[in-house]
Structures are given as structure tokens and as C-alpha cells.
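Okay, so chain A shows up in both of these, paired with chain B first and chain C after.
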Partner chain A sequence: MTKKEKTTWDRLLDIPQWALAIAAFVFLIIPVLKPLGLPVPVGAPAADYVKWIQEIPPGSNVVFFQEMSGSGWDEIKGGYTSTLKYLWSRKINVVIIATYSDAGPTNIWGINYANPDRFGAKYGENYVNLGYIPGIEVMVAAVRDSISATVSVDYLGTPLKDIPLMKTVDSYKDFSAIIVSFSSGTDMDKYVRQWYATHPEIPQLWMTASGNEMSAVSYWVGGMAKGYLSGPTGCAAMEGFIGEPGLAAKITDMKNLASIPTLVLVVIGNIAYFGKKLSRRES
Partner chain B sequence: MANVVIRTHIPMYIISIISLILLAEYFVAFDPLAAFRKEMLTWGVIIYNFVTLLGSVLMLRFHTLRTMKPPSRDPKARYYSIVAIAAFFFYLAIGWGTGLTGTQYVTMYMQTVIPATATLWGLNLIFSTMGVYRAMRITGLEGLALLIGGLSYFLKEMPIVASIFPPITGIGDWFLLYIMTPAGRVAVLTAALISIVVCLRTIIQRERTAVV
Partner chain C sequence: MADPVTIFWLGWSSLIAVGIMTLVWRENPYYRLVEHLIIGAGCAHMLMYGLLAVSTTGITPILAGRTLLIIPLILAILTFGRLTPWGWISRYPVALLTAIGIGILIGGALEGQIVGQVRSIGDAIYTAKDPFTTASATLAGIASIAAIIYFIYTKEHKGVLGGFARFGRIILMAGLGISWGMEFGWFITALGTWTENVVNFIRALMGIP
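Moving on to the complex of A and B:
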């Protein structure tokens, strides 16, 4: 049996995986070595996030549920830190809660990176880190009703009764907005179920990995989330808004060239597919 | 028979009764029901914590057994298990010693877990490139829909494309709003309806997957 000779179309339809991997890697590494610094496009959901965050009155309180750790953290860390910077610069008090245990360390890192001292934000007065509170959805519901009934100490073990901010903040009544960084495509549901369903008047602003945008967009259109930051591009929009391009802008820059091989391959794949079809028909 | 009653019937009755009360509380403003819900939430947190602890114990048991007797098809599994056990106790020691909020623990977490998971995530780019190359071919209507949907989103996320062709952001948003949102809503609504059906079946004891 003779082996059927491969045509050019066949070769184009079956580029070896190692070649694709090298192409993707080379295009990824170029902006790391030489940043392009192109302006970041601001999509409608991110524009709404920026619009609504400006509506939060100075001096009021927000609760920030943070779920991200691991790989997801890289996607939203720019949005997380720029949001904190903005809230502190407007003297908005923030109560930060880790919804999952591994979001505790990322919270501490993010708070330190955002540098509250720069904005004169004092721990216990302008922001509090309650650390990880177990229970996931049960916790989200319990915090809505009463923080002091859910947890008695902050992340350092300081009793809540000794923290000035926590003397004035306890339940949904005390918050003018909730900010959520959710980790998976269904993780935002619990905030809709437990907060929006009972208190739709409290605006929700979200941030998440770009892969979750397809799930988040329905809630944004429905008004459950007033706006959201999707992945590094969305987060870079928030960084751009506060005038401090940083963590997200760097990743967005890398995405620029890294996506080019993908686009080229889509074109090659389709040309080869139709080329092969045509050549078959002719023969 | 007694075993079946204890393992399935009693948990099913507990689930049904609690679900009914929680459901009623949602629609009826009655203080004792609200108090009961609050109590259930506390119990939920306690059970959740216990399950986390149980999970750790089971993980340790699994890896200890695998260290002592690795599966014949993968003798090297013993070494992976040793690493898993060592990492568990190392993190436990640092976490216990310096506290989960201590600089050492946070630094260790940020310098090990985050880069490791970020690397795995980064590899996605390479696999996605391979996948997109093979999947986004216009082999039919579905392929065309996937290509248009995927590309509109893909291009809008790239600043380089937006700087050359600014309307791409609006075009991408249009697809997101008017093409992908309806599709997403169908998925969300279907999942919600299925959840309601499963809940109702659980209450009337027709759904036993939670306990069987």
C-alpha cells in the first residue's frame, strides 16, 4: 500500500503543534522585552464600571468580596488594586472579605500593593480586612444580615468591637455598593441571589477573568451588575481611569502580539480548508 | 433495611423539611422562620468547615497509602505523593507558626502557588492557539457562528486592533450584547429552571442523588 502524498493544503491544515507553540511563545515574549504601550480599548461594561464607581458617595462604605487566587489573580489584580486606590482616594471606606481561603493571601498582597498610606487610608478607620470567612454562599448571605453575627475578629484576630469602622458598619444597610471579584463563571450568582434579590438598590460592581465574561454579560444587561471589569483589558481600563497604568496594562500589552499567531492561524486554517475542498472538486 | 433508612431515608426527610422551611421563609415574613434560617446558616458554616477538615484528612490518607503502596501502573506516583504530603505539612507549619496573615506565609504563597498556577494558565495560550486553529474553520453554519462570535470578542480585546481600527470595540460590544447575551441568558434560564425542578424533586423526595 502506497502512502498518499500530502498536498500543500494538507500540510497547511496540519501544522505541527510544536510549531504553533513556538510561534505563540515568540509573540508572547516580544512585548515583555519591549513593551508596546498602546492605548487600551474601553468596552461598554468597563465604562459602566468606571461610571458607577464614581457614583459612590465619598465617606460611605462598600463591601468588597474577593475570591480570586492563583491564575485568576493575575487577570484581575490590576482592577483590584486600582479600585482600592480609587476608593481610598475618595475617602470611601472598604470592608474586604475573602470568600475562599486562598483569596486571603492575595488580598493582603493587593492591599499592600495599592498602598493605603499613600491615600491617608488608615487600617480600622478607612478599611478593614476581615480575611477569609468560611461558608461561601451561606457566608455571603450572613454578612448581608450582620457581619458581627458572622465573624467576631478581623484577619489579625482583632475583635470587631475594637475596630472603629466596624462599630458603624454591620449589614447591608450600611453599604452604598458591593464590589465583587468572582472566580468562576457561576460564582457571581450567589451575590445576585443573596444581595440583589433582596436589596437591588445596592449597586454591584464586578471584576473577573475574561473567560467568565460570557456569563457576566447577561447580568450586566439585566442590571444586576452595574458594570464589570473583564480580565486584564477591563482592569486596564480602570487603571487608565485613575491615571496609573500598571499590572493589567502590562498583561494587555502582552496580549497584543500573542494573539496575532492565533489570528493568522485562523486565516490559514480556513484558506487551506477551502483550498482543499476546491482542489478535490476540480480533480 | 435499618441501614438504608439511616443512610438515605432520614437524610432525605431532613433535607425535605429544611428546604420547605427555607422556601417558606423566603415568601412569608414570620420571625421564628427567619430565626430558623439564621440558625441553619450557622450550621451550614460549621458543616462546611468540617467538610474542609475531612477533605484534608482524606487527602492525607490517600497520599499516605499511595506512598506505602503505589499503583503498579505508575510506580513513580509514590514520589508525587511524598511531595504532596511534604508540601501539606510545610504549609501547615508555616501557616501555624507565623499565622495565615504573616509575611512569611503570604510571601511563600505569592511566590509559589501564584506563579505555578499562572504558568499553567499561561500555557493555555499555546493550547488555545492550537485549538482555535483547528476549531475555527468554516465547515458549516455552526463553524461560521463560532468564528464570527469568537473573532468579534477576540479582536475587541486587542489594543493593537483597536488602535488600527477603533470601531472594533463597538462591534465587539454589539456582538456581546445582541448575539452572545441572548445565548448566555438561555443557558442561565435553563440552568435555573433545572435547579427549580431538582429542588422540587428533592423536597418531594424524588431526587436522591444528594444522599445516594
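Moving on to the complex of A and C:
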């Protein structure tokens, strides 16, 4: 039995996975070695995020629910750190809560990277990290009504009654905005259900991985979220706003460049697929 | 030159990143080792955080005088009843947890996710300042209805209903396609950061700033 000879279409469709990975890798490595600083387009949701964050009055308090674990952290770390920098620079106090257990370490990383000392922000006075509080949606609802009834210590084990900021902050009445960083396409629903449904006057600002844009956009159009940062591109807009392009801007460069071989390969794959189909039909 | 601690952690993360990336070549022992390491470390991490949370939200407040919190603590212990011959014990905390969860969810869902969304489409149609916004909001409304109709299984998808269901399916596929495209961006981000770690590790080893 003779082996059927491969056509050009077959060869195109048989490009090995490792070759595709190397192509993406080559394009990814360029901005790592030499940052390009490509222009970052600012989408309407990101522009609204920037607009609304400026509306938060200096000296007020915000609650920051952080859900992003290590797997998606790279998508939003630029937005997380630039948001903290901006809030601290405006003397806005921040209460940080990890909604999932694996968001605890990313919080610590983000706070350290944002460097509160640079802005004169003191732990316990200008920001508090309450660490991971279990309960997910029940916790989000409980925190809305009373933080002190939900948790008794911060992430270091310091009793809340010994933390100056927590003496003045306890429930939704004390917050002028709620900031959420979430990882999956349904994670933001609980903030809409528990905070927006009962207190729509408290603006919600979100940041999430780019894969969740489709879920977030309907809430932004509906006014549940005043604005959101989607993936590194959205976060780079926030970095640009504070004048410190960094983590997100670099990843946006990488994504832009790595998208080139991806798009080319998608086009080649489709041409080969339809070419093979057509040639079969003709023969 | 980077300090030894930084080099150590960069080395660790690079070894793990390279191990995961070897899967594009094929399944191999290095990949499996890294996969097991990540799952093991993840489980250990979740367990420790879980225990810490029991301490901060349960035991510490009970010792401080909030004795009523003993009830949820007992219910939590009863959940492990499934591991004993008296498995039925675990049904009580699970039932209570489900009931509270649904109760908390339903109230907010009506206003935030259903009424609020419908109202926003209505507002956009009636208060739009330009024809594009009106057309966009109308299309969003029709598309939403069509997508819901696709999930009606009690009536055969024929005639007008069938037409709407087909349109709904196209809308759902378009939505999922866009989501997948954006999701792909997430993978590129992860790959980019791993690549950066490996490059930074090599740089640190060679003393390149």
C-alpha cells in the first residue's frame, strides 16, 4: 500500500505546536530585552475608570476587594498597583480584602510594589490589609453591613480595635467607592447583587483579566460599574494616567507583538483548511 | 549583580515556567513533576489559609467573648460527617449553607442583574441622543431576548420561535468567540511573564543589570 502524498495544505495544517510556540516566544522576548513603549489605546471603560477614580474625595475611604490569584495576577497587577499609588497620593484610605485564599499573597506583593512609604501612607492609618476572609458572597454581604462583625483581626493578627483606621470604618456608610479586581467572568456578579442592588450610590470600579471583558461590559453599560480596566491594556491606561508606565505597559507591548504571529498563523490555518476542502471537492 | 535570594527565586520560577512550557513539545516527566509540584503547593497553601481563616474569623472572636460563633464552628465540623459512618450529619450544614447562599443571592440578583439590566436597555433606547445609540440598545435588547429563546426547550424551534432561536445561537457563538479571543490574550500575558522571568534569571546569573 502506498502512502498518500501530503499536499501543501496538509503540510500547512501539520505545523507542529512547538514551532508555533517558538514563533510566539521570539516575538515575546523582544519587549523583554528592549521595551518598545508602543502607544496604548484607551478604551471607553478605562477612560471612565480614570474619570470616576478622580471623583473619590481626598481623605475618604474605599474598600478594595481583591480576588485575583497568581494565575491571572499578571493581567491586572499594573492596574492594581497604579490604583493604590493614585489613592495613596490623594490621601484616600484603603481597606483591602482578599475574597479568595490565593488572592492573599498577590495583595501583599501588590502593596509592596506600590510602595506606600513613597506616598507617606502608613499601615493602620491610611491602609489596612484584612487578608483572606472566607465566605465569598456571604462575606461580601457581611462586610457591607459590618466589617467588625465579620472579622476580628487583620492579616497579621492585629485586633481591629487596635487599628486606627478600623475605628472609623466599619460598613458601606463609611465608603465612598468600592474597587474590585476579579478573575472569572461571573465573579463580579456578587458585588452587583450585594452592593449595587442595595447601595447603587456607591460607585464601583473594576479591574479584571481581558478574558472577562464580555461579562463586564454589560454591567458598565448598565451603570452597575462606573468603569473598568480590562487586562494589561486597560491597566496601562491607568498607569499612563498617573504618569508611571510600568508593569502593564510592558505586558501590553508583549501582547501586541505576540499577536502578530498569532494572527498570521490563524490566517494561514484558515487558508489551509478551506484550501484543502476546495481541492478535495475539485478532485 | 542581583542578590542570591532574588536569583534563587528567579531560578525557581524559571525552572517551573520552563517545565510547564515543555508541554508544547510533548508530555514528559519534567512537565509532570512541575504539574504535581504546583498542585501540591496549591493544596497546601489553600489548607493553611483555610485554617488561618478559621482562627481569625472563628476561634479568636469566640475566645474574645462572641460565644454564639460556636454554632457555625460546630456546623463546619459537622460537614466532615461525610467521612464518618454517619454521613447524614453533613446534610444539615450543607442544607443551611445552600439556603443562606440562595437567600442572599436572589434578592440582589433581581434588582442588580435582571431589573437593572433591562432598565438600562430601556433607558438607552428612550434617552439616547444619537440614532446609533438607539439602534445599538435596540439590537442589544433583541439579541438578549433571542439568546434567552435559544434556551427554551419545551417548544420545538420552528417558525418565528425557530428564527429567534437561530439568531440567539449566532449571538451566543459571537459572544463566546470574542470571549475566547480575549481569553487567549490572558494566555499570552502568562507566557510573556514566564518568558520575562527566564530572561531575568539568565541576566541575573550573568550579572547583566
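For the reader, a short list of remarks on this structure follows.
Please note the rule applied: the second predicted complex is superposed on the first by the 271 of 283 C-alpha atoms of A that agree within 3 Å, B and C clash if a C-alpha of one lies under 4 Å from a C-alpha of the other, contacts with A are read in each partner's own complex, and residues count from 1 in each chain.
The rule is short, and it goes like this: contacts are C-beta pairs under 8 Å (C-beta built on N, C-alpha and C of every residue); 3 or more make two chains touch, one makes a residue touch a chain.
Bear in mind that the values here come from a model prediction, so they are computed numbers and not experimental data.
Judged by the touch definition given at the top, the superposed model places A:Tyr196 against chain C, while chain B stays out of reach.
When the shared chain is aligned, chain C comes close enough to touch A:Ile29, but chain B does not. When the two complexes are overlaid on their common chain A, residue A:Pro39 makes contact with chain B while staying clear of chain C. Residue contacts after overlaying the shared chain place A:Val138 against chain B and chain C alike. Residue contacts after overlaying the shared chain place A:Val153 against chain C, while chain B stays out of touching range.
In the superposed model, A:Glu213 lies in contact with both chain B and chain C.
In the superposed model, A:Ile271 makes contact with neither chain B nor chain C.
Residues 17, 20-21, 24-25, 28, 71, 74, 101-102, 104, 131-132, 134, 138, 141, 210, 213-215, 218, 221, 231, 255, 258-259, 262 of chain A lie at the contact with chain B in one complex and at the contact with chain C in the other.
For chain C in complex with chain A, the touching residues are 21, 24-25, 42, 45-46, 49-50, 52-53, 56-57, 60-61, 64, 66, 100-101, 104-105, 107-113, 116-117, 119-120, 124, 140, 175, 178-179, 182-186, 188-193, 195-196, 199.
Across the complex, chain A is touched by residues 38, 41-42, 44-45, 48-49, 52, 100-101, 105-106, 109-110, 113-114, 117-118, 120-122, 125-126, 128-130, 132-134, 136-139, 147, 151, 153-160, 162-163, 166, 168-169, 172-173, 176-177, 180-181, 184-185, 188 of chain B. Within the complex, the chain A residues that touch chain C are 17-18, 20-21, 24-25, 28-29, 32-33, 71-72, 74-75, 101-102, 104, 131-134, 137-138, 141, 150-153, 157, 159, 185, 189-190, 192-194, 196-198, 209-215, 218, 221-224, 230-232, 250-251, 254-255, 258-259, 262. Residues 15, 17, 20-21, 23-25, 28, 36, 38-44, 69-71, 73-74, 101-102, 104-106, 108-109, 131-132, 134-136, 138-139, 141-142, 145, 149, 155-156, 210, 213-215, 217-218, 221, 231, 233, 252-253, 255-263, 265-266, 268-270, 273-274 of chain A are the ones that touch chain B when the two sit in their complex.
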